[in-house]
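Following this message is one structure expressed as structure tokens.
Think of it as A, B, C, D, E and F in the order they're written, each chain with its own count starting at 1.
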């Protein structure tokens, strides 16, 4: 099964989770080694600017997911 | 209850507050420890570029929220 | 009264001013102390990259405001 | 007269020039002193990353201007 | 044959792969030497912020691809 | 003749090339000296983060060009 079968979600919160998943997947595709990513995670989880940068990526992906779901207006 | 039940808000100002909430939630999901986030907050709240970066994330999320609300034009 | 009663403005220039206001408000919400912000201002107002970063945030907010006003085409 | 009477331009090239103007105006509003800006200009005009950052801001503003002009398709 | 014959893809996952391809192509056009890119890859694949930056570019391109495919809603 | 007569291109690949052109033009307008740009090019073409930043600008401009061409769907 695909890791990304659809951009549709039932709720905004699920859409936000999908945005996080999309953000992490690009990292995983560039650095496939789980252990390396895990150690890097410690770095950026304790650095304010790194966290802000990560939040920016989520925000960008959330734009896409929200639009795909017509902002869950329907 | 969901932390994000809807992207709809009554006013632009509430929409802006929601954009801030969205920006912080991504940080919280990456660094769930309240104390760590609190200490990091001190770092970036006193650094001009960090504040600008944070404002950029809010701006990105505000785009999403504003569009979800049809810019509160109705 | 709300600091953000509407995204509608009469002219593009007023829309640009609103974009600046939106950009600064996120900073203010993160660093509410006026004196601290004032001293930080000196830092980034004299650093080329800081100014470019600030301009990027304004550009992002101006996208939102311009769209809210249908680009003042009407 | 306003420095930004309209987002409409006759040609894409004029639209690009307007995007540059919008990008610089945010800098000017933050650092109004001409001489300071002039000396900072020397800094970033000789730094590859600074130039890339500046180009990113222009790209963001060009999105707005291009959309305002319906991509000069008409 | 073109490396980019179309922005249409059958599935969201293929769209995401295309977004990665678009992100890497700009790098390739700036640094065409395979060996140099390969050695740089090692650098950024082991740096948290570099990976986040790369993920941001993918997110930006994924916005384009997703919109081109009408979010695979049809 | 204008360096940017239109945003319309026949193919996605040509659109991508135009996005690169738009990205470089902003740099050229800020640093018009060919020799300086050429020497800076060496800097950023050998730095992973600089290349990622450049790719981000291309992605932003490609959003504009792709939308101007209705994603080459027609």
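Everything that follows uses one rule, which is that a residue touches a chain if its C-beta (ideal position, glycine included) is under 8 Å from a C-beta of that chain, and two chains touch if they have at least 3 such contacts.
The UniProt protein names, listed by chain, are A, B, C, D, E, F = Peroxidase.
Quick caveat, the model's predicted, so the values are computed rather than measured.
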Those chains which touch chain E and also touch chain C: none
Size of the rotation, in steps of 5 degrees, that lays the CA trace of chain E over chain F: 60
Distance from the mean Cα position of chain D to that of chain C, given in whole angstrom: 15
Whole-Å separation of chain centres (CA-atom averages), chain B against chain F: 31
Centre-to-centre distance between chain D and chain B (centres being mean Cα positions), rounded to whole Å: 27
Where chain C touches two or more other chains, by residue: 44, 47, 49, 53-54, 56, 60, 63, 67
Graph class of chain-chain contacts, one of line, ring, star, complete, other: ring
Ring topology as an ordered chain list, initiated at chain E and continued via chain F: E, F, D, C, B, A
Residue ranges of chain B touching chain C (in the complex, touch as defined): 11-13, 16, 20, 44-49, 51-56, 58-60, 62-63, 66-67, 71-73
Touching residues (chain side chain E, partner chain F) in the complex: 2-8, 22-27, 29-31, 36, 40-41, 43-44, 47, 49-50, 53-54, 56-57, 60-61, 63-64, 67-68
